[in-house]
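Once you scroll down, you'll see the structures, which are given as structure tokens.
Same chain, two partners: chain A is paired with chain B first, then with chain C.
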Partner chain A sequence: MIALVANPTRAVYAALIATLAIGWALVAFDGGTFTLNDLVGIQQRSAALGIVAVGQTLAILAGSLDLSVAYLISLVSLVAAETMAGQSSNILTAVVVALGVSALVGLVNGVVITKLKVHAFIATLGVALVIRGVLDHLYDGPAGRVPVDFQQLGYARIGPIPVAAILWAAVAAGVWFLLRRTRFGHRVYAVGGDVEVARLSGVRTDRVVIAAHVLCSLCAGVAGLLLASRLGAGAPTVGTDGGYDLESIAAVVLGGTALAGGRGGVAGTVGGVLLLAVLDSVFNQLEVNSFFKDVVRGVVIVVAVAVYARRTGRRAS
Partner chain B sequence: MLRMTGIGKSFLGIRVLRGIDLSATAGEVHAVVGENGAGKSTLMKILAGVHQPDEGTVEIGGQIRSFAHPVEAQRAGVAIIYQEFNLLPERSVADNVFLGREPTRRGLVDRAAMDEATSRLLDELDEHSFGPRHLVKDLSVAQQQVVEIVKALSVDARIVVMDEPTAALAEHEVDLLYRLIRRLQGRGIAVLYISHRLREVFDLADRVTVLKDGAHVATVAATDVTTAGLVKMMVGRELDAYFPPRAEESAIGEVLLTVRNGGNGKLDGIDLDLRAGEIVGVAGLQGSGRSSLVKAVFGAEPFTRGEMTPTRPGSVRAGVAAGIGLVTEDRKAEGLALNQSVRDNALLVARAIGHRSRAAVSDLLERVKLAPPRQETEVKYLSGGNQQKVVLAKWLTVSPRVLLFDEPTRGVDVGAKAAIHDLMRELADSGTAILMISSELPELIGMSDRIIVLRDGRVAGHLPAGSAEESVMALAAADGVAA
Partner chain C sequence: MKRAIPIFVVLAGLLVAIAAANPFFLEPAGFLAFLKRVAPLAILAAGQYFVIVSGEFDLSVGSLVTVEVVVAARLIDGDEAMTWPVLVLLVVIGLLVGLVNGLVTTKLRVPSFITTLGAMLILSGAVFLWTGGAPRGALSQGFRVFGREGVWAVAILVLVVVAAVLLMRADFGRTLVAAGDNEKAARLSGVRVDRVRVFAFVLSGLSAAVAGILLGGFAGVSAQVGQSLEFQAITAVVLGGVVLGGGRGHVVAAIAGAFTLEALFTLLNLHGISGALEYAVQGVIIIAAVAVGGLRLPSLRLSPSKV
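On to the complex of A and B.
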């Protein structure tokens, strides 16, 4: 048990399995069943959050954070749906434009943080407000139309596995690989661990932070595309309704990544997202009051972080 | 190989360097000495591309270079070991060594190559106590210093700068460093060596450059100058090389603190009496539990077994309230609020415990000889030695009855060192009990009224004032294994 808790990534997976088991027992006791279909449903629902959280992991590991993802998701869903305008032939263009917009927002975030030296919290909050202003001004409801072909992304399955889950897995695997095996990944950890040390070691720290933000925004963009395909249209509130900004940060932290940066990784984040999703489904099955649900989620996150802090605190001393 | 000419630099309108010339040839060890705040580290940071000079030029291998970023200096063959540690605690040794220059194979980081190269360098240094995959946070301070050195070596450097590399090393590790420097020299590398320990300067250097108040005083061949002469150039006056006189038997008063059979995770069976008016030295090798002992007495990592009077601090606050102060070994992490001003730091303890009679900060800074005594400067901008003086000032505000010093003069210049020694003795004479750890044996022996030697977390023995270095070492290193 102690060995399990010593490593946050393992701890979160242990918690995940425990929650699944307890959830399954509770649901069974309640007279329901927890089927493979439910598991697949969990995948389906957590894919969008999962993709955003993987991006958020990059930003947080680099010692930053991104509060603009929720509004960016809304913006991307609208840009994509409007560009597609119901035509399958427009899909490619729409995806390129949507990701282009995302990358641009990430670039702005990164440049404001590094060159103007604005704290990430304020910088990305500012960008979030700017996007909100644009959205409020231009839209007052869903707009654009996503062709049926593109809706496959949100609903189709390959065998029992939803395409959305595969997309999430691919993004997570890609970022995991990036962090573990590339120079960029090593430098993300270095910059998040200590910017000054990284700089004095010859790392061009600004570039690393900017790149992390661009990738984080791209992930949000992918999530935005996924949500647009589900809705069949773009919606100015799809990102904020899902609470993707704070929720993604919560998932990252639940997965054992240090909010201050430099420690953690994608594997933990995936576990964190799944844990939140499993909790959700168990509560849904049990038809628990939604306020109580939030209370439990809040407690879980705080307890998890407290446990990690204890472990790392003791090792440092 | 290297020629720096007319270097000048100001920070926020305050001039810290002017008209500095410094050169080094291949295979030369060139020492740079001067008081705290003289500008040694700043000059090296200019060479390393961390700061850009306001005036003057840097020439390497006959070519004028200007570095906008440390990475450019690195590529030009400059490697530097900074005065303050520059490692990522959460990353492995190999990751740290190759940070910013990770070798790649087909575009991917080649971990095997990193590990192998790191192992080879560690072998070269005869360092077998840890490997490339260990996390830096699990290493001791001395081991971390070795990692810094390996990091500098792994760059194919033509110029290696060492800014007080021995400050954190034990005696036998210093020998290792010497050998290493000789090897670098043999390879035709120019070594710039900064240290406050003049013995090292004479052991190693071919030439010595003296800086004072940001100006160039002299560059001389090491053979053409004596220690006293060097000190005079640095300090601007003669300085006697003696420690203040020890306490008279009769001046040693009542017992202020006792520990009986104290123990915790790192210590066992500790008996200790500290009397008013005496300075007790603590000797021991790295890892013998010296720092653990002072932390336990202070309450930062309390004793879990045994008795302690008058109180048994279970927390830092309790320790401070009981009149115990600790000047820590790691001032950056444990001693100072780096983003706050000198003044705020000096008042840190007094404010924390709501101490009324705050001595005037300017008097305190004068007592610890902080120069220049700018109270509003943020502590992170102070030179290493000056930071240490601020830590001292912090405790003087509350006049503790028992004061614990962990390496009190690490990184402190000769003049200030003498001042700190005088201050410690003055405090003792006025009735404070002092417990002092020092890895510098001459200091330990010169200052202590008696010496406690620790080994593996236990008291290995007691020695009287003025014992020989050999007897201390023999006791510290079990069964006579030379350390």
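On to the complex of A and C.
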């Protein structure tokens, strides 16, 4: 048990398996069954949050954080759906434009944080407010139309596996490779661990933080595209309704990544997202009140981080 | 106080601009209405200041305000006799939530961002679990008087400001800033870091209770009454030149930050930039204010004898 808890990534997967087992038992006891379909549903639901959380992991590892992702997701869903306007021929343009907007927002976040030296919390909160203002000003409700071809992204399956889950896995694998196997990844850990030390060792810390923010926003953009394909249109509230800003940060931390930066990784985040999704799914099966779900989610997040803090604290002392 | 000077200049400028656009603002009734509107955010900013200057965050105050208002409406349910017992209960809830936030953050070593994010989920989930999804009941006239009558709201605001200043001048204030500035150094020089931090969270919880009582009277009962107030309070504190991460900044400047934010909203409304674009302007101004504050800091440090 101690060996399990010693490594937060392993701990979150242990918790995931335990939750699945207990959930399975509870649902069975309740007279229901937990089928392959439910497992697929879990992947389906968690894909959007998962993609955002993978991006958020990059920002947090670099010692930053991004509160603007929820509004960015809404903005991207609208930009994409309006550019597509129901025509399959516009899909490529729409994806390029949507990702371009995302990258731009990430660039602004990163530049404000590094060059203007504004705390990431305030910088990304400010950018979130700006996007919110633009959204409220331009849109009253859902807009644009997504062609049927593009809706495949949200609904199609290859065998039993949803395309959305494959997309999530691809994004996670890409970021994992970036973090663990490239120079950029090592720099992200160095900057998140100690900016001064990284700077003195010759890392251009500003560039690393900006790149992390651009990638984080791109992930949010991909999630926005996914949600647009699922809704069949763009919606100004799709990002905030999902609570993707705080929820993604919670998933990252649940996965064992330190909020202060420099420690953790994508594998833990994927586990954290799956854990939240399994909890959600079990509660749905048991038809638990949605407010009770929030209470449990809050408790789980705090308890998990308290457990990690115990371990790392002991090792340090 | 040196860091605080820009915020007072900005606030004075905004107030002059408001007065120029709307002369009613200079009359006692107009200014009282403004103070009444500012009071809840200013009180929240004072509470948030204690937490931030000690190096932590409190994201739970928004949902705590909602909890306070919803609980009050359900328990009072229009019954005048319940007013005072419920007021006491609300204060106790505020203190208790702050205490739990503080203990979880210091004793279980959970980062306060996560502790209070969890508290936010738990509080809003629990209160609507209890009321069945929507606020029920009604507040009594005796309860609403605090938020509705400008005199009451201003009296409470003044009381909070005076108490906050006195607290920061006492040993507590000095040890709180020391804990936020350099935790290790503070600990080694005998500061009970955990204890002062827990107390800071308790004060923040208390401020949310008081703000909830005022907002219940001012804005009425709704499930959205506390929405995004935590971000507004943090923004106000940061506008006042208080540094996220702790150790620097003055409580009066944090409260002035709340005034500035509210004055900004008022001015934007007067000029017809209401609703939608208001957020965009607000976002740009917050970033600009903090960026300018950050750039100005070094020059102030180099010439401590001036200013």
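We adopt the following convention: the second predicted complex is superposed on the first by the 317 of 317 C-alpha atoms of A that agree within 3 Å, B and C clash if a C-alpha of one lies under 4 Å from a C-alpha of the other, contacts with A are read in each partner's own complex, and residues count from 1 in each chain.
To be clear about the criterion, a residue touches a chain if its C-beta (ideal position, glycine included) is under 8 Å from a C-beta of that chain, and two chains touch if they have at least 3 such contacts.
Just so you know, these numbers come straight off a predicted model, no measurement behind them.
By the document's definition of touching, neither partner reaches A:Val214: not chain B, not chain C. In the superposition on chain A, contact is made by A:Gly262 with chain B only, not with chain C. Once the two complexes are laid over each other on the shared chain, residue contacts for A:Val282 go to neither chain B nor chain C.
The partner of chain A that touches more of its residues, comparing chain B with chain C, is C. Of the two partner chains placed by the overlay, only chain B lies in contact with A:Gly185; chain C stays clear of it.
Contact with chain B, but none with chain C, is seen for A:Asp194 once the two complexes are overlaid on the shared chain. Of the two partner chains placed around the shared chain by superposition, neither chain B nor chain C is touched by A:Val146.
Of the two partner chains, chain C is the only one that A:Val253 touches; chain B does not reach it.
In the overlay built on the shared chain, the residue A:Gly202 is in contact with chain B alone; chain C does not reach it.
Touch criterion met: A:Phe121 reaches chain C, while chain B stays clear of it. Those residues of chain A that touch chain C in the complex are listed here as 112, 116-119, 121-123, 125-134, 136-137, 246, 249-250, 253, 259-260, 289, 291-295, 297-299, 301-302, 305-306, 309-310, 313. Those residues of chain B that touch chain A in the complex are listed here as 48, 50, 69-71, 74, 82, 86-91, 95, 99-102, 104, 107-109, 137-138, 151, 301. Interface residues of chain A facing chain B in the complex, by the touch rule stated above, are 181-183, 185-187, 189-190, 193-194, 196-204, 262-263, 315-317. Contact residues of chain C toward chain A in the complex are 57, 104, 108-111, 113-115, 117-122, 124-126, 128-129, 133, 231, 234-235, 238, 243-245, 275-284, 286-287, 290-291, 294-295.
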